[in-house]
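In the two assemblies presented below, chain A is common to both, partnered first by chain B and then by chain C.
Then we have the complex of A and B:
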(Lines of atoms letter the chains of each structure in order from A and count residues from 1; the text may use other names and numbers.)
(Lines give C-alpha, C1' and ligand atoms only; values in the text may rest on other atoms or scores of the structure.)
Protein backbone atom coordinates (compact mmCIF):
# COMPACT_ATOMS: atom_id res chain seq x y z
CA UNK A 1 0.00 0.00 0.00
CA UNK A 2 1.33 3.43 -0.90
CA UNK A 3 1.86 5.97 1.84
CA UNK A 4 2.33 9.62 1.11
CA UNK A 5 4.42 11.91 3.26
CA UNK A 6 4.83 15.63 3.09
CA UNK A 7 8.55 16.40 3.15
CA UNK A 8 8.00 19.10 5.76
CA UNK A 9 6.55 16.44 8.06
CA UNK A 10 9.81 14.50 7.80
CA UNK A 11 11.66 17.55 9.06
CA UNK A 12 11.84 17.21 12.86
CA UNK A 13 11.33 13.44 12.72
CA UNK A 14 13.66 11.57 15.07
CA UNK A 15 16.55 9.57 13.63
CA UNK A 16 16.43 6.22 15.43
CA UNK A 17 18.86 3.30 15.35
CA UNK A 18 17.65 -0.30 15.08
CA UNK A 19 18.84 -0.65 18.68
CA UNK A 20 16.19 1.90 19.64
CA UNK A 21 18.49 4.84 20.29
CA UNK A 22 17.20 8.28 19.33
CA UNK A 23 20.36 9.96 18.00
CA UNK A 24 19.22 13.14 16.17
CA UNK A 25 16.41 15.03 14.51
CA UNK A 26 15.98 15.59 10.77
CA UNK A 27 16.51 19.24 9.90
CA UNK A 28 16.49 19.58 6.11
CA UNK A 29 15.32 17.11 3.50
CA UNK A 30 17.57 17.38 0.43
CA UNK A 31 16.25 15.89 -2.81
CA UNK A 32 17.17 15.61 -6.48
CA UNK A 33 14.21 17.06 -8.40
CA UNK A 34 15.20 15.54 -11.74
CA UNK A 35 15.46 11.98 -10.44
CA UNK A 36 12.78 12.46 -7.80
CA UNK A 37 15.00 10.88 -5.17
CA UNK A 38 15.96 11.91 -1.66
CA UNK A 39 19.66 12.69 -1.53
CA UNK A 40 20.34 13.22 2.17
CA UNK A 41 19.16 14.80 5.41
CA UNK A 42 20.84 17.49 7.46
CA UNK A 43 20.45 16.98 11.18
CA UNK A 44 19.89 18.85 14.41
CA UNK A 45 20.41 17.73 17.97
CA UNK A 46 17.77 16.60 20.40
CA UNK A 47 16.42 18.70 23.23
CA UNK A 48 15.32 22.27 23.79
CA UNK A 49 18.77 23.83 23.64
CA UNK A 50 20.18 21.74 20.80
CA UNK A 51 21.11 23.44 17.54
CA UNK A 52 22.05 22.11 14.09
CA UNK A 53 24.57 19.26 13.99
CA UNK A 54 27.60 19.29 11.73
CA UNK A 55 26.70 15.77 10.60
CA UNK A 56 24.52 14.52 7.78
CA UNK A 57 22.65 11.37 6.87
CA UNK A 58 23.06 10.22 3.29
CA UNK A 59 20.09 8.40 1.79
CA UNK A 60 22.14 5.26 1.08
CA UNK A 61 22.67 4.88 4.85
CA UNK A 62 18.94 5.05 5.70
CA UNK A 63 17.39 1.74 6.73
CA UNK A 64 13.77 2.95 6.40
CA UNK A 65 11.77 6.14 6.14
CA UNK A 66 8.51 5.99 8.06
CA UNK A 67 5.79 8.46 8.97
CA UNK A 68 7.16 8.84 12.50
CA UNK A 69 10.92 8.23 12.28
CA UNK A 70 13.92 7.80 10.02
CA UNK A 71 15.51 4.46 10.88
CA UNK A 72 19.24 3.78 10.59
CA UNK A 73 21.29 0.70 11.40
CA UNK A 74 23.47 2.39 14.05
CA UNK A 75 25.04 5.73 14.82
CA UNK A 76 27.97 5.04 12.48
CA UNK A 77 25.49 5.52 9.62
CA UNK A 78 25.71 9.27 10.21
CA UNK A 79 28.44 11.11 8.35
CA UNK A 80 31.19 12.56 10.52
CA UNK A 81 30.67 15.97 8.90
CA UNK A 82 28.01 17.66 6.80
CA UNK A 83 30.32 18.30 3.86
CA UNK A 84 28.42 16.01 1.47
CA UNK A 85 25.10 17.70 2.26
CA UNK A 86 26.47 21.22 2.08
CA UNK A 87 28.11 20.44 -1.26
CA UNK A 88 24.68 19.64 -2.73
CA UNK A 89 22.84 22.50 -1.03
CA UNK A 90 25.37 25.14 -1.97
CA UNK A 91 25.81 23.98 -5.59
CA UNK A 92 24.25 26.25 -8.25
CA UNK A 93 20.45 25.89 -8.28
CA UNK A 94 20.31 24.52 -4.75
CA UNK A 95 18.11 26.03 -2.05
CA UNK A 96 14.80 25.72 -0.29
CA UNK A 97 12.03 24.84 -2.71
CA UNK A 98 9.34 25.97 -0.28
CA UNK A 99 7.94 29.19 -1.67
CA UNK A 100 9.42 28.64 -5.14
CA UNK A 101 7.13 29.74 -7.97
CA UNK A 102 5.77 27.09 -10.32
CA UNK A 103 5.68 28.28 -13.90
CA UNK A 104 4.76 26.47 -17.10
CA UNK A 105 7.15 26.67 -20.01
CA UNK A 106 4.52 28.86 -21.68
CA UNK A 107 4.77 31.42 -18.89
CA UNK A 108 1.67 30.68 -16.81
CA UNK A 109 2.18 30.86 -13.05
CA UNK A 110 0.55 27.89 -11.31
CA UNK A 111 1.30 28.94 -7.74
CA UNK A 112 4.01 28.52 -5.15
CA UNK A 113 5.36 25.31 -3.66
CA UNK A 114 3.96 24.64 -0.18
CA UNK A 115 5.36 21.15 0.22
CA UNK A 116 6.89 18.19 -1.57
CA UNK A 117 4.97 14.91 -1.63
CA UNK A 118 6.95 11.70 -1.19
CA UNK A 119 5.61 8.22 -1.88
CA UNK A 120 7.18 5.79 0.58
CA UNK A 121 6.25 2.40 -0.82
CA UNK A 122 9.54 0.77 -1.82
CA UNK A 123 12.25 3.34 -2.46
CA UNK A 124 10.80 6.72 -1.55
CA UNK A 125 10.38 9.05 -4.46
CA UNK A 126 9.10 12.55 -4.99
CA UNK A 127 5.84 12.20 -6.87
CA UNK A 128 4.56 15.74 -6.80
CA UNK A 129 4.24 19.09 -5.17
CA UNK A 130 1.58 20.77 -3.06
CA UNK A 131 1.11 24.11 -4.75
CA UNK A 132 -0.60 27.09 -3.14
CA UNK A 133 -2.93 29.46 -4.93
CA UNK A 134 -1.72 31.63 -7.78
CA UNK A 135 -3.61 34.34 -9.56
CA UNK A 136 -5.20 31.84 -11.95
CA UNK A 137 -6.21 29.25 -9.37
CA UNK A 138 -7.86 29.85 -6.06
CA UNK A 139 -7.08 26.67 -4.15
CA UNK A 140 -4.23 24.46 -3.10
CA UNK A 141 -3.64 21.67 -5.61
CA UNK A 142 -1.24 18.78 -6.03
CA UNK A 143 0.84 18.78 -9.21
CA UNK A 144 2.51 15.64 -10.56
CA UNK A 145 6.11 16.12 -11.58
CA UNK A 146 7.30 14.51 -14.78
CA UNK A 147 10.17 15.89 -16.76
CA UNK A 148 10.43 19.30 -15.08
CA UNK A 149 12.34 21.68 -17.30
CA UNK A 150 14.18 23.06 -14.31
CA UNK A 151 13.86 23.27 -10.55
CA UNK A 152 15.73 25.63 -8.29
CA UNK A 153 15.22 27.34 -4.99
CA UNK A 154 13.44 30.18 -6.80
CA UNK A 155 11.47 28.71 -9.66
CA UNK A 156 10.21 25.45 -11.05
CA UNK A 157 9.49 25.34 -14.78
CA UNK A 158 7.17 22.49 -15.81
CA UNK A 159 5.64 21.31 -19.12
CA UNK A 160 2.54 23.30 -20.04
CA UNK A 161 0.35 20.18 -19.89
CA UNK A 162 1.06 19.85 -16.16
CA UNK A 163 -1.67 22.40 -15.42
CA UNK A 164 -4.29 19.99 -16.85
CA UNK A 165 -3.40 17.14 -14.48
CA UNK A 166 -3.82 18.36 -10.93
CA UNK A 167 -5.05 16.30 -8.00
CA UNK A 168 -7.09 17.31 -4.97
CA UNK A 169 -5.05 15.24 -2.54
CA UNK A 170 -1.75 13.31 -2.51
CA UNK A 171 -3.50 9.99 -3.19
CA UNK A 172 -4.68 11.39 -6.53
CA UNK A 173 -1.14 12.15 -7.70
CA UNK A 174 -0.30 8.73 -9.27
CA UNK A 175 -3.37 8.91 -11.54
CA UNK A 176 -2.61 12.53 -12.42
CA UNK A 177 1.02 11.57 -13.14
CA UNK A 178 -0.11 8.74 -15.41
CA UNK A 179 -2.39 11.09 -17.35
CA UNK A 180 0.41 13.63 -17.68
CA UNK A 181 2.88 10.94 -18.78
CA UNK A 182 0.52 9.81 -21.57
CA UNK A 183 -0.06 13.41 -22.70
CA UNK A 184 3.68 14.11 -22.81
CA UNK A 185 4.26 10.91 -24.82
CA UNK A 186 1.58 11.97 -27.31
CA UNK A 187 3.12 15.42 -27.62
CA UNK A 188 6.65 14.01 -28.09
CA UNK B 1 15.33 49.32 46.80
CA UNK B 2 14.62 46.20 48.81
CA UNK B 3 16.70 43.12 47.98
CA UNK B 4 13.67 41.16 46.84
CA UNK B 5 12.93 43.68 44.11
CA UNK B 6 16.43 43.12 42.73
CA UNK B 7 15.82 39.39 42.95
CA UNK B 8 12.62 39.68 40.93
CA UNK B 9 14.37 41.84 38.31
CA UNK B 10 17.25 39.37 38.09
CA UNK B 11 14.86 36.44 37.69
CA UNK B 12 12.91 38.30 35.00
CA UNK B 13 16.11 39.04 33.06
CA UNK B 14 17.21 35.43 33.42
CA UNK B 15 13.86 34.17 32.14
CA UNK B 16 13.98 36.54 29.18
CA UNK B 17 17.50 35.40 28.24
CA UNK B 18 16.58 31.71 28.62
CA UNK B 19 13.46 32.03 26.47
CA UNK B 20 15.44 33.95 23.81
CA UNK B 21 18.07 31.21 23.69
CA UNK B 22 15.41 28.49 23.38
CA UNK B 23 13.60 30.43 20.63
CA UNK B 24 16.86 31.04 18.76
CA UNK B 25 17.85 27.38 18.91
CA UNK B 26 14.37 26.32 17.80
CA UNK B 27 14.72 28.58 14.77
CA UNK B 28 18.17 27.17 14.00
CA UNK B 29 16.76 23.64 14.31
CA UNK B 30 13.80 24.28 12.01
CA UNK B 31 14.41 22.75 8.63
CA UNK B 32 13.23 23.01 5.09
CA UNK B 33 12.97 21.03 1.90
CA UNK B 34 16.04 21.66 -0.20
CA UNK B 35 16.66 21.14 -3.90
CA UNK B 36 20.05 19.58 -4.47
CA UNK B 37 22.04 21.88 -6.71
CA UNK B 38 23.75 20.82 -9.89
CA UNK B 39 27.31 19.76 -9.30
CA UNK B 40 29.76 20.83 -11.98
CA UNK B 41 31.13 18.25 -14.41
CA UNK B 42 34.61 19.00 -13.10
CA UNK B 43 33.46 18.29 -9.56
CA UNK B 44 31.91 14.95 -10.50
CA UNK B 45 35.01 13.85 -12.39
CA UNK B 46 37.30 14.55 -9.49
CA UNK B 47 38.52 17.88 -10.81
CA UNK B 48 39.31 16.83 -14.37
CA UNK B 49 38.23 19.19 -17.08
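Then we have the complex of A and C:
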Protein backbone atom coordinates (compact mmCIF):
# COMPACT_ATOMS: atom_id res chain seq x y z
CA UNK A 1 0.00 0.00 0.00
CA UNK A 2 1.27 3.44 -0.86
CA UNK A 3 0.70 6.31 1.47
CA UNK A 4 1.27 9.90 0.68
CA UNK A 5 2.26 12.58 3.08
CA UNK A 6 2.51 16.27 2.50
CA UNK A 7 5.48 18.17 3.80
CA UNK A 8 3.11 20.62 5.48
CA UNK A 9 1.48 17.75 7.37
CA UNK A 10 4.84 16.52 8.61
CA UNK A 11 5.78 19.84 10.11
CA UNK A 12 4.27 20.01 13.60
CA UNK A 13 4.39 16.21 13.90
CA UNK A 14 5.87 15.04 17.21
CA UNK A 15 9.24 13.30 17.26
CA UNK A 16 8.73 10.24 19.47
CA UNK A 17 11.23 7.69 20.75
CA UNK A 18 10.47 3.96 20.61
CA UNK A 19 10.12 4.21 24.40
CA UNK A 20 7.15 6.52 23.88
CA UNK A 21 8.66 9.85 24.91
CA UNK A 22 8.15 12.90 22.74
CA UNK A 23 11.42 14.79 22.51
CA UNK A 24 10.64 17.47 19.94
CA UNK A 25 8.33 18.62 17.21
CA UNK A 26 9.17 18.85 13.50
CA UNK A 27 9.59 22.43 12.34
CA UNK A 28 10.63 22.01 8.70
CA UNK A 29 11.37 19.15 6.38
CA UNK A 30 14.62 19.76 4.51
CA UNK A 31 14.79 18.25 1.03
CA UNK A 32 17.38 17.54 -1.55
CA UNK A 33 15.18 18.52 -4.52
CA UNK A 34 17.71 17.30 -7.08
CA UNK A 35 17.63 13.77 -5.68
CA UNK A 36 14.06 13.83 -4.45
CA UNK A 37 15.04 12.77 -0.96
CA UNK A 38 14.55 14.06 2.57
CA UNK A 39 17.87 15.04 4.12
CA UNK A 40 16.88 16.18 7.58
CA UNK A 41 14.35 17.86 9.84
CA UNK A 42 14.67 21.06 11.78
CA UNK A 43 12.99 20.88 15.17
CA UNK A 44 11.21 22.95 17.72
CA UNK A 45 10.63 22.15 21.36
CA UNK A 46 7.60 20.18 22.55
CA UNK A 47 4.46 22.20 23.25
CA UNK A 48 2.90 24.60 20.81
CA UNK A 49 4.54 27.74 22.12
CA UNK A 50 8.04 26.29 22.38
CA UNK A 51 10.76 27.99 20.39
CA UNK A 52 13.15 26.38 17.93
CA UNK A 53 15.29 23.57 19.23
CA UNK A 54 18.89 23.93 18.20
CA UNK A 55 19.28 20.27 17.31
CA UNK A 56 18.79 18.66 13.93
CA UNK A 57 17.41 15.26 13.06
CA UNK A 58 19.23 13.69 10.13
CA UNK A 59 17.23 11.43 7.86
CA UNK A 60 19.55 8.47 8.42
CA UNK A 61 18.74 8.58 12.15
CA UNK A 62 14.98 8.37 11.61
CA UNK A 63 13.41 5.02 12.50
CA UNK A 64 10.18 5.72 10.60
CA UNK A 65 8.19 8.57 9.16
CA UNK A 66 4.49 8.05 9.75
CA UNK A 67 1.30 10.06 9.33
CA UNK A 68 1.10 10.78 13.07
CA UNK A 69 4.69 10.87 14.30
CA UNK A 70 8.33 10.76 13.34
CA UNK A 71 9.80 7.82 15.22
CA UNK A 72 13.41 7.71 16.46
CA UNK A 73 15.26 5.11 18.48
CA UNK A 74 16.06 7.36 21.43
CA UNK A 75 17.04 10.89 22.22
CA UNK A 76 20.65 10.31 21.13
CA UNK A 77 19.34 10.09 17.55
CA UNK A 78 19.17 13.89 17.55
CA UNK A 79 22.30 15.78 16.60
CA UNK A 80 23.93 17.81 19.35
CA UNK A 81 23.44 21.03 17.39
CA UNK A 82 21.75 22.27 14.24
CA UNK A 83 24.97 22.67 12.23
CA UNK A 84 24.09 19.74 9.98
CA UNK A 85 20.67 21.16 9.17
CA UNK A 86 22.05 24.59 8.45
CA UNK A 87 24.58 23.19 5.96
CA UNK A 88 21.84 21.40 4.10
CA UNK A 89 19.47 24.33 4.09
CA UNK A 90 22.19 26.50 2.60
CA UNK A 91 22.83 24.03 -0.23
CA UNK A 92 21.16 25.12 -3.51
CA UNK A 93 17.40 24.83 -3.19
CA UNK A 94 17.71 23.15 0.18
CA UNK A 95 14.78 23.45 2.50
CA UNK A 96 12.86 26.09 0.67
CA UNK A 97 11.18 24.47 -2.32
CA UNK A 98 7.80 25.61 -1.03
CA UNK A 99 7.11 28.95 -2.63
CA UNK A 100 9.48 28.36 -5.55
CA UNK A 101 8.14 28.89 -9.08
CA UNK A 102 8.16 25.93 -11.40
CA UNK A 103 9.42 26.86 -14.84
CA UNK A 104 9.94 24.65 -17.86
CA UNK A 105 13.15 24.77 -19.84
CA UNK A 106 11.19 26.48 -22.55
CA UNK A 107 10.17 29.27 -20.26
CA UNK A 108 6.58 28.37 -19.39
CA UNK A 109 5.65 29.02 -15.77
CA UNK A 110 3.70 26.07 -14.39
CA UNK A 111 2.87 27.64 -11.04
CA UNK A 112 4.22 27.91 -7.52
CA UNK A 113 5.08 24.99 -5.27
CA UNK A 114 2.47 24.82 -2.50
CA UNK A 115 3.46 21.55 -0.98
CA UNK A 116 5.73 18.58 -1.43
CA UNK A 117 4.19 15.13 -1.80
CA UNK A 118 6.16 12.33 -0.21
CA UNK A 119 5.51 8.68 -0.73
CA UNK A 120 6.20 6.71 2.44
CA UNK A 121 6.08 3.05 1.54
CA UNK A 122 9.69 2.01 1.94
CA UNK A 123 12.20 4.84 1.90
CA UNK A 124 10.24 8.07 1.68
CA UNK A 125 10.70 9.74 -1.65
CA UNK A 126 9.54 13.04 -3.03
CA UNK A 127 7.24 12.01 -5.86
CA UNK A 128 5.98 15.39 -6.86
CA UNK A 129 4.77 18.79 -5.94
CA UNK A 130 1.42 20.37 -5.44
CA UNK A 131 1.62 23.38 -7.68
CA UNK A 132 -0.71 26.31 -7.20
CA UNK A 133 -2.45 28.17 -9.98
CA UNK A 134 -0.25 29.32 -12.78
CA UNK A 135 -1.39 32.50 -14.44
CA UNK A 136 -3.27 30.76 -17.21
CA UNK A 137 -4.69 27.51 -15.90
CA UNK A 138 -6.01 28.79 -12.54
CA UNK A 139 -6.17 25.43 -10.76
CA UNK A 140 -4.06 23.37 -8.43
CA UNK A 141 -2.30 20.45 -10.05
CA UNK A 142 0.18 17.81 -9.00
CA UNK A 143 3.39 17.70 -10.97
CA UNK A 144 5.57 14.62 -11.05
CA UNK A 145 9.12 15.66 -10.59
CA UNK A 146 11.89 13.52 -11.85
CA UNK A 147 15.26 15.01 -12.48
CA UNK A 148 14.67 18.73 -12.26
CA UNK A 149 17.25 20.53 -14.38
CA UNK A 150 18.15 22.97 -11.67
CA UNK A 151 16.80 24.34 -8.43
CA UNK A 152 17.31 27.59 -6.57
CA UNK A 153 15.46 29.14 -3.65
CA UNK A 154 13.12 30.93 -6.03
CA UNK A 155 12.79 28.63 -8.98
CA UNK A 156 12.80 25.04 -10.11
CA UNK A 157 13.50 24.37 -13.77
CA UNK A 158 11.90 21.17 -15.08
CA UNK A 159 11.91 19.41 -18.47
CA UNK A 160 9.31 20.86 -20.85
CA UNK A 161 7.46 17.52 -21.05
CA UNK A 162 6.55 17.77 -17.35
CA UNK A 163 3.61 20.02 -18.23
CA UNK A 164 1.97 17.14 -20.16
CA UNK A 165 1.95 14.79 -17.17
CA UNK A 166 0.06 16.56 -14.43
CA UNK A 167 -2.19 14.66 -12.04
CA UNK A 168 -5.39 15.72 -10.32
CA UNK A 169 -4.49 14.20 -6.95
CA UNK A 170 -1.45 12.72 -5.20
CA UNK A 171 -2.57 9.16 -6.04
CA UNK A 172 -2.21 9.98 -9.74
CA UNK A 173 1.41 11.01 -9.36
CA UNK A 174 3.14 7.61 -9.78
CA UNK A 175 1.37 7.05 -13.11
CA UNK A 176 2.18 10.59 -14.20
CA UNK A 177 5.81 10.10 -13.19
CA UNK A 178 5.99 6.84 -15.13
CA UNK A 179 4.60 8.54 -18.26
CA UNK A 180 7.07 11.37 -17.90
CA UNK A 181 9.96 8.98 -17.41
CA UNK A 182 9.12 7.18 -20.66
CA UNK A 183 8.79 10.43 -22.56
CA UNK A 184 12.14 11.65 -21.28
CA UNK A 185 13.77 8.36 -22.30
CA UNK A 186 12.33 8.70 -25.81
CA UNK A 187 13.57 12.24 -26.08
CA UNK A 188 17.03 11.33 -24.92
CA UNK B 1 -7.57 -10.51 33.86
CA UNK B 2 -8.61 -7.01 32.86
CA UNK B 3 -6.89 -4.29 34.79
CA UNK B 4 -10.19 -2.46 35.15
CA UNK B 5 -11.48 -5.35 37.28
CA UNK B 6 -8.34 -5.25 39.44
CA UNK B 7 -8.63 -1.52 40.09
CA UNK B 8 -9.95 -0.82 43.56
CA UNK B 9 -8.87 -4.22 44.90
CA UNK B 10 -7.45 -4.12 48.42
CA UNK B 11 -3.74 -4.74 49.01
CA UNK B 12 -2.89 -6.55 52.24
CA UNK B 13 0.43 -7.05 54.02
CA UNK B 14 0.74 -10.66 55.23
CA UNK B 15 3.27 -9.97 57.99
CA UNK B 16 1.06 -7.46 59.77
CA UNK B 17 -2.41 -8.28 58.41
CA UNK B 18 -2.83 -4.62 57.52
CA UNK B 19 -4.79 -3.07 54.69
CA UNK B 20 -2.25 -0.99 52.82
CA UNK B 21 -4.45 0.57 50.21
CA UNK B 22 -6.24 -0.14 46.94
CA UNK B 23 -4.95 -0.63 43.41
CA UNK B 24 -5.26 2.55 41.36
CA UNK B 25 -2.93 2.25 38.37
CA UNK B 26 -0.06 0.25 36.94
CA UNK B 27 3.05 0.73 34.83
CA UNK B 28 4.20 -1.44 31.93
CA UNK B 29 7.68 -2.37 30.75
CA UNK B 30 8.63 -4.15 27.50
CA UNK B 31 10.73 -7.19 26.57
CA UNK B 32 9.00 -9.27 27.74
CA UNK B 33 5.93 -7.08 28.18
CA UNK B 34 4.83 -7.11 31.79
CA UNK B 35 3.35 -5.03 34.58
CA UNK B 36 6.39 -3.54 36.30
CA UNK B 37 4.59 -1.95 39.21
CA UNK B 38 1.22 -1.30 40.78
CA UNK B 39 0.25 2.13 42.03
CA UNK B 40 -1.73 2.13 45.25
CA UNK B 41 -4.15 4.63 46.62
CA UNK B 42 -3.14 4.87 50.26
CA UNK B 43 -4.15 6.99 53.21
CA UNK B 44 -2.75 10.50 52.99
CA UNK B 45 -2.27 12.79 50.08
CA UNK B 46 0.24 10.80 48.02
CA UNK B 47 0.01 7.31 46.62
CA UNK B 48 2.54 4.53 46.92
CA UNK B 49 4.05 2.21 44.36
CA UNK B 50 4.87 -1.44 44.65
CA UNK B 51 7.03 -3.40 42.24
CA UNK B 52 5.28 -6.42 40.73
CA UNK B 53 7.92 -8.78 42.14
CA UNK B 54 6.61 -8.02 45.65
CA UNK B 55 3.19 -9.43 44.82
CA UNK B 56 2.63 -12.65 46.71
CA UNK B 57 -0.75 -13.50 45.31
CA UNK B 58 -3.35 -11.80 43.15
CA UNK B 59 -6.49 -13.12 44.83
CA UNK B 60 -10.12 -12.67 43.99
CA UNK B 61 -10.79 -10.35 46.91
CA UNK B 62 -7.38 -8.97 47.73
CA UNK B 63 -3.82 -8.74 46.55
CA UNK B 64 -1.34 -9.91 49.16
CA UNK B 65 2.26 -8.84 49.65
CA UNK B 66 4.70 -10.02 52.27
CA UNK B 67 5.19 -6.75 54.12
CA UNK B 68 4.63 -3.03 53.81
CA UNK B 69 8.37 -2.60 53.25
CA UNK B 70 7.85 -3.20 49.54
CA UNK B 71 5.94 0.06 49.29
CA UNK B 72 7.56 3.28 48.20
CA UNK B 73 6.03 6.76 48.18
CA UNK B 74 5.22 7.75 44.62
CA UNK B 75 6.84 11.16 44.90
CA UNK B 76 10.25 9.62 45.71
CA UNK B 77 10.50 8.05 42.27
CA UNK B 78 12.88 9.42 39.66
CA UNK B 79 11.41 9.83 36.18
CA UNK B 80 13.99 7.35 34.85
CA UNK B 81 12.66 4.51 37.00
CA UNK B 82 10.54 1.77 35.50
CA UNK B 83 7.78 2.30 38.04
CA UNK B 84 7.44 6.03 37.35
CA UNK B 85 3.88 6.99 36.47
CA UNK B 86 4.94 8.17 33.00
CA UNK B 87 4.87 4.44 32.14
CA UNK B 88 1.17 4.14 32.98
CA UNK B 89 -0.49 3.02 29.70
CA UNK B 90 -4.15 3.78 30.51
CA UNK B 91 -5.66 6.61 28.50
CA UNK B 92 -2.54 7.01 26.40
CA UNK B 93 -2.38 7.16 22.61
CA UNK B 94 -0.94 4.15 20.80
CA UNK B 95 1.63 4.65 18.03
CA UNK B 96 3.11 1.97 15.84
CA UNK B 97 6.87 2.04 15.42
CA UNK B 98 6.22 3.36 11.92
CA UNK B 99 4.55 6.45 13.32
CA UNK B 100 0.89 5.62 12.79
CA UNK B 101 -1.73 6.28 15.41
CA UNK B 102 -3.74 3.25 16.60
CA UNK B 103 -6.21 4.65 19.09
CA UNK B 104 -6.12 5.10 22.86
CA UNK B 105 -5.45 2.45 25.52
CA UNK B 106 -8.70 1.76 27.39
CA UNK B 107 -7.76 -1.31 29.37
CA UNK B 108 -5.09 -3.99 29.57
CA UNK B 109 -5.38 -7.74 29.81
CA UNK B 110 -2.73 -9.36 32.00
CA UNK B 111 -1.87 -12.67 33.61
CA UNK B 112 -2.44 -12.26 37.35
CA UNK B 113 0.03 -15.08 38.13
CA UNK B 114 3.17 -13.51 36.69
CA UNK B 115 2.11 -10.02 35.62
CA UNK B 116 2.78 -10.65 31.96
CA UNK B 117 0.85 -8.52 29.49
CA UNK B 118 -1.58 -10.45 27.29
CA UNK B 119 -3.00 -7.56 25.33
CA UNK B 120 -3.63 -3.85 25.16
CA UNK B 121 -7.30 -3.03 24.59
CA UNK B 122 -7.49 0.12 22.54
CA UNK B 123 -10.28 2.19 21.03
CA UNK B 124 -9.29 0.58 17.70
CA UNK B 125 -9.05 -3.01 18.87
CA UNK B 126 -6.80 -5.47 20.64
CA UNK B 127 -3.00 -5.36 20.38
CA UNK B 128 -1.16 -8.54 21.51
CA UNK B 129 1.08 -7.88 24.50
CA UNK B 130 4.25 -9.16 22.82
CA UNK B 131 4.09 -6.22 20.40
CA UNK B 132 4.73 -3.70 23.16
CA UNK B 133 7.94 -1.73 22.58
CA UNK B 134 7.67 0.98 25.18
CA UNK B 135 5.41 3.16 27.28
CA UNK B 136 6.46 6.77 27.66
CA UNK B 137 4.92 10.02 28.73
CA UNK B 138 3.68 10.69 25.19
CA UNK B 139 2.59 7.33 23.81
CA UNK B 140 2.51 3.57 24.00
CA UNK B 141 4.67 2.30 21.11
CA UNK B 142 3.88 -1.06 19.53
CA UNK B 143 5.26 -3.11 16.68
CA UNK B 144 3.38 -2.96 13.45
CA UNK B 145 0.98 -5.84 12.79
CA UNK B 146 2.39 -8.33 10.28
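By our rule, the second predicted complex is superposed on the first by the 181 of 188 C-alpha atoms of A that agree within 3 Å, B and C clash if a C-alpha of one lies under 4 Å from a C-alpha of the other, contacts with A are read in each partner's own complex, and residues count from 1 in each chain.
Assume contacts are C-beta pairs under 8 Å (C-beta built on N, C-alpha and C of every residue); 3 or more make two chains touch, one makes a residue touch a chain.
What you see is a predicted model, and the numbers here were worked out from it, not measured in a lab.
Student: Once chain A of both complexes is superposed, is A:172 in touch with chain B (first), chain C (second), both, or neither?
Tutor: After superposing on A, A:172 lies clear of both chain B and chain C.
Student: Given the touch rule stated above, what does A:132 touch, chain B (first), chain C (second), both, or neither?
Tutor: So A:132 meets neither chain B nor chain C here.
Student: Between chain B and chain C, point out the one touching more chain A residues.
Tutor: B
Student: State whether A:153 touches chain B only (first), chain C only (second), both chains, or neither.
Tutor: First partner only, chain B.
Student: Could you say whether A:116 touches chain B, chain C, both of them, or neither, answering first, second, both or neither?
Tutor: first
Student: What part of chain A is shared between its chain B contacts and its chain C contacts?
Tutor: On chain A, no residue contacts both chain B in one structure and chain C in the other.
Student: Going by the contact rule at the top, pick out the chain A residues touching chain B in the complex.
Tutor: 7-8, 11-12, 25-33, 39, 42, 44-45, 48-52, 87-98, 100, 115-116, 151-153
Student: Hey, which residues of chain B end up touching chain A in the complex?
Tutor: Touching chain A from chain B are residues 21-22, 25-26, 28-40, 43.
Student: Considering the complex alone, what residue numbers of chain A touch chain C?
Tutor: Going by the criterion above, the answer is residues 13-14, 16-22, 63-71.
Student: Report the residues of chain C in contact with chain A in the complex, numbered from low to high.
Tutor: 86, 92, 95-101, 133-141
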